[in-house]
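One chain, chain A, appears in both complexes that follow, with chain B as partner in the first and chain C in the second.
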Partner chain A sequence: MTTYAPAPRKPLFGRTMSRNKMVLAVARHFTMIVVLIVILYPLLWMVGASFRPANETFNTLSLWPGNFTLDNYVDGWTLGSFTFSRYFFNSLLITLLSVVGNVIACALAAYAFARLEFPFKRTLFAVMLGTMLLPYHVTLVPQYVLFNELAWINTILPLTVPKFLATDAFFIFLMVQFMRTLPRELDDAARLDGCGHVGIFRRIILPLSIPALGTTALFTFINTWNDFLGPLLYLNRPELWTVTQGLNSFLDATGQSTFGPLFAMATLSLAPVVGFFFAAQRLLIEGIATSGLK
Partner chain B sequence: MTDVTRTAQAALLDTPPLAGGPSDGGGTGTKRRTASRRSGSRREAWVAFGFLSPWIVGLLLLTIGPMLYSLYLSFTRYDLLSPPVWAGFANYERMLAADPRFIDSVQVTFLYVVVSVPAVLVASLGVALILNQGMKALSVYRAAFYLPSLIGGSVAIALLWRQVFGQEGIFNQVLAVFGIQGQSWIGNPNSALYTLVVLNVWTFGSTMIIFLAGLRQVPRELHEAASVDGANVFRRFRHVTLPLLTPLIFFNILMTTINAFQAFTPAYVISNGSGGPLNSTLFYTLYLYQRGFANLEMGYASAMAWALVVVLGIFTALLFASARYWVHYGDER
Partner chain C sequence: MTIQSSATRRRHRTVAATAALGALLAVSACAGGTSVGEAPSGDEVVDGQGEVTGSARLAWWGAGQRNEVTNAVADMFEEEHEGVTIEREFADFGAYFQRLNVQGTSGNLPCLTQMQGRQLNDYTSRNLFLPLDPMIESGAIDVSDIPEEVLDTGRGTDGNLYVVPYGAAYDALVVNETLVEQAGSEMLPEGYTWEDLQSWAMEMQPNLPEGVSALSLSGGRPNFLISYMAAKGETLFKDGKLGFSEEALAEYWTMWEEMRKAGATATPAQMSEQPEQPEQSYVSRGVTVADTAPGNSIINSQATLDGLGNGQTLTSLPLPSGEAGPGNVLFTSGFAIPVNCDNVPTAAAFIDFWANNDEAAAVFASSNGAVTNSRHLEAQLENPELPELRKHDLELYQQIAESEPPTVVYPPGYQATFEESYTRAYERVSFGEVSIEQAVSDFFTEVNAGLGATG
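== the complex of A and B ==
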């Protein structure tokens, strides 16, 4: 070992270090807060603008509206041929079905990969990993042709049925990784008590996998809620539109006067995603902590 | 939540041993399992395929089948109304030789990827390094930085971006404070794409979370040992932290690039579906959508999709091939 630092300097060095450390910590927090303000400013501005009355200018950096009004929400909600209650209902229906389908189908497949022996297991696992890297474009056209043949255009089936068939392999993989960390002794104990694989899956694996199921549910919710291309392809009638399509239709009525209602509805459309994120953050981190996932 | 994802992502990178492989089932259950294997294995296989059946049906009907059909369609002319007509390599030839908009879309997409992927990586690694210095309120920062990743691809944010970088937008308001005369950044073909780059960088949080998780696993002893040997902050970063992060850098390059190639919603919303002004936001995916679903040229759109698969496949293969020269795995040390 080579130590070049002379020993006598040590205490002096330590004292200046602690002051330096304080300065550094303050500088770090300052930098991070400035970056955060820049990042979050547009979002906060939009929320503020959604409460701005129509006669107030949007040509301002101020976050706080001069006068609060809910007019934008009332106007935005009823703008267009259908109200946003319809769009929110459609989005919610598609999203909930997607979450249920994705969680069930992925959990079933993940259990097989994590716990069971079967022929071609390695090959199928590799295929599953491969589909994660596949660009979705390559199935876009043929899936449309297929759903068109089935007369599923202008129904929610093309957006929900694939979720019941576990087409999003990433979540299978996530659950496999999680289930592999669960002790096999629990399976064996349940088997001694007379449980079959269905019983082990339902009574042991599923309840213990709740953190992974929750993560899957949350991400499926957010991805489906934000999805635009899918509804754009398959839902062409305004009464079937989702929130994203409703928002996009604001663009046809361009002009400064629609900015208020636009931002009001945009804020509302983000609210469930942001709300779920904050609500689930703690629960999920606790789940990770208790399950001992590395 | 992010940590679960990260674990999966990190594990993907390490190409984990297969679940339930030969080494599994150790401990108390071994005897029982091997004893029951002879009589039970065939039944277990049936049970397994029962569990897998939704996924297998989906794989065949919604992924592999469509892929093959798409490959066939790419050699045809097909407008959805009349049956496909065999056209040989006509679609591919037209793409490369007789379609200036296709060339535009390729250029736009490459520029977008080449500019925004490094920017995302540098921003996320930089913030992760700062947050990793034992900062208080780490979880608050982490959550706040992560939030844009969840909503960055939404229509609402794309609409907001139109305002932020429009003529009257808040970006120009900020410039005005410094006395700079702004312009409509969305409306100018020279800057429109860069507003989308900014949007992509805005969502650096998810990448940052992965780096942060990796940084927190760098053993403190290594840093201390390096300091004792006289290494300063930069040398410690260069010779201790960076090598240990290479697996995550590899993973993040792969995923950020693949995602950037597939961006659609922001470009569609910002340009009202046109890819304008002057094709400056004509992402590959947007052009594919226009060809396939606005012009009903399903054969041409399929050819475009397969060209993308080939390009991304080559990119992925090259990246994996390069990994042995610069990615360090822990057990090699």
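== the complex of A and C ==
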């Protein structure tokens, strides 16, 4: 009869594993940091270039500004007939209205598709998803004609009113998927306690859908903040310009472009997006991980 | 069974819904096409006479300094005509035309729409602009100081004048004098030809520092081809199709391929990475000795080069000549009045003001191509405060204008079809994907199918 003594080997094995794990973790992190630096390099170069004198913008690939200057920020902020504070205000206003509109309207539409029974529900759902297949450019001209007839050109209405009408099919879809995972028993319990649809929506669905709402808010924020074509078409007067239009006004392929101030203002215009992203990051990951959009 | 059939039913319904949606879209898309170009009926003539009052929209492309001077001219016009407001819209060149196309579809073009010859006939073929000849006859717009061949660049394919060109751009060969001297070469002589340019570049190349090429690989630049064909005496466009022969294009690309294979140009990979703003071009960074570029861009390029601090200087020459004379053509910019404009008298008065007012011209100072009004050009050249490079730019324009350059009328679809296909076709050659003959024949088929289509 042979006796086995496996016990002493375990810690040895475990130790080797943990050392291996350690090495692996270091290697993995090192690789990720290298990749991150490669990805971030253009962004960091832009930040560096925003502190270089204007005519030295393209002279170096290094990140560190040799002749440090803040002129680009001063010149950029005051360029043109209006300052960037005006453009930032306009952008913020449109972005906030869009976020509020999208979150409310898409949540309501999603609740209907996820919980209510009504005629042609599947057909309408298919039509809604169908609108996602249409490229933006297909609807561009009809939309412009419509808003022109309504005399909404040179107002922020074409950029904000549609958001209150649940026109972003992607976010409706996202929230429908999310709400379908919420147990119906909660609705039933609320109904027993006397809640109607409004009550169920407000007291049960909304609080549980925070991750999906957060994702919607974040994506709407980024999309609206970065949108250029929409403001370009509908906001022609300089006093209505958004930040993206302000940035475009530094560039001209047929004359003189001012890159230093452009990079300075581009750096500043990133701040709200990055800030909003950090604030909503946790919700974003939860929202995507739990709504089946893996 | 039941599950399966209900799933099938569901699928049927979804398919039906999607089909219905598609049909709906198709119907709405068709219905949109007819409202464009509500042109006044043929016998109605708009002569631009009337009271100059109320507001008019003014749209132009540009950035920074050009926006400032354009605004200043608009302010001067408002001061001169009490009760007139000029509403301004401006954007970068690319974005400007993106917006203009959409505005054009719904009859919302600005009363004063800035145009270039290359895009003009995309609009005139859809009857979006008013002919300006009646306004010139009625005296609302005075063009007597603009040379005839420059004025003709504002004409459409139908021969009517739609744009009064106020600024004329031309392409020039921008050359880094310092590098030429260091390589021990001479500057290109006056009246040099394409053959001269080729041998000049190939002889200079071995004497250039490592990493510097004699020329950019510009076989894919439409403007360079246009000037080559003009110098050869070939017609560029005829009846909305390409007017030059396939052999001429093959010959042109063969010349570029010879230079590329001899290492006298930048590589195709470098060319595809070159940014479009003049400040970032290879000539501006001293890594290419010579390249074709808009004449006024030498000022921006020199500024970038100065930032490098190696003391190199640029100069510009007319483009190469050929059997038919100098190869330069003019690219003019000016204002057109759309048919949907409800304030034609003010728009006409503004065009007249822009073309003839001495103070306005002095303020604008040829910010978008050299001023076309001969009197203003003289005045600006005599201005002692004129920077040296700007003076050189204006003198070169004067020289080109005096040589009576050929007028190119670009057919509708030029920008969308010709420019895109041309650059792509040469890239296929230079990256070694297809033979020159194949690329030429593909290019002709593709462009002739797309040009002139008003669709």
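Note that in this section the second predicted complex is superposed on the first by the 231 of 294 C-alpha atoms of A that agree within 3 Å, B and C clash if a C-alpha of one lies under 4 Å from a C-alpha of the other, contacts with A are read in each partner's own complex, and residues count from 1 in each chain.
Here is the rule we go by: a residue touches a chain if its C-beta (ideal position, glycine included) is under 8 Å from a C-beta of that chain, and two chains touch if they have at least 3 such contacts.
Being a predicted model, the structure only gives us computed values, none of them experimental.
Colleague: In the superposed arrangement, which partner chain does A:32 touch: chain B (first), chain C (second), both, or neither?
Modeller: first
Colleague: Touch test for A:67: chain B only (first), chain C only (second), both, or neither?
Modeller: Neither partner.
Colleague: Touching A:229, do we find chain B (first), chain C (second), both, or neither?
Modeller: In the superposed model, A:229 contacts both chain B and chain C.
Colleague: Quick check on the superposed pair: does A:187 touch chain B, chain C, both, or neither? Answer first, second, both or neither.
Modeller: After superposing on A, A:187 lies in contact with chain B but is clear of chain C.
Colleague: After the superposition on A, what does A:244 contact: first (chain B), second (chain C), both or neither?
Modeller: first
Colleague: Does chain A have more residues touched by chain B or by chain C?
Modeller: With both complexes superposed on chain A, more residues of chain A are touched by B.
Colleague: Output check: A:58 vs chain B and chain C. Expected answer is one of first, second, both, neither. What do you get?
Modeller: Touch status of A:58: both partners.
Colleague: After the superposition on A, what does A:173 contact: first (chain B), second (chain C), both or neither?
Modeller: Touch partner of A:173: chain B, not chain C.
Colleague: Under the contact rule defined above, give the chain A residues that sit at the interface with chain B and also at the interface with chain C.
Modeller: On chain A, the residues that contact chain B in one structure and chain C in the other are 58-59, 122, 127, 134, 138, 140-142, 144-145, 148, 228-229, 232-233, 245, 248, 250-251, 256, 259.
Colleague: For chain C, which residues count as touching chain A in their complex?
Modeller: Where chain C meets chain A, its residues are 10, 13-14, 16-18, 20-21, 25, 28-29, 32, 35, 57, 59, 61-67, 71, 87-95, 98-99, 102-103, 105-108, 169, 276-277, 279-280, 284-285, 294, 296, 299-300, 303-304, 306-308, 367-368.
Colleague: Which positions of chain B touch chain A when the two form their complex?
Modeller: Spelled out, the residues of chain B in touch with chain A are 1, 3-5, 7-8, 11-12, 16, 18-20, 24-25, 27-29, 32, 37, 41, 44-45, 47-49, 51-52, 54-55, 57-59, 61-63, 65-67, 69-70, 73, 80, 127, 130-131, 133, 135-136, 139, 141, 143-145, 147-148, 150-151, 153-157, 159-161, 163-164, 168, 170, 173-174, 177, 202, 228-230, 258, 261-262, 264-265, 268-269, 272, 285, 288-289, 292-293, 298, 301-302, 304-306, 308-309, 312, 316.
Colleague: Any idea which chain A residues touch chain C in the complex?
Modeller: Per the touch definition, chain A meets chain C at residues 53, 55-59, 79-81, 122-123, 126-127, 130, 134, 138, 140-142, 144-145, 148-149, 153, 228-229, 232-233, 236-238, 245, 248-259.
Colleague: Show me the residue ranges of chain A that touch chain B in the complex, using the header's touch definition.
Modeller: It comes out as residues 1-5, 24-25, 28-29, 31-32, 35-36, 39-43, 45-46, 58-61, 104-106, 108-109, 111-119, 121-122, 124-125, 127-129, 131-146, 148, 162, 164-167, 170, 172-174, 176-180, 184-185, 187-188, 191, 196-198, 201, 211-212, 214-215, 218-219, 222, 226, 228-229, 232-233, 244-245, 247-248, 250-251, 256, 259, 262-263, 266-267, 269-270, 273-274, 277-278, 280-281, 284-285, 287-288, 293-294.
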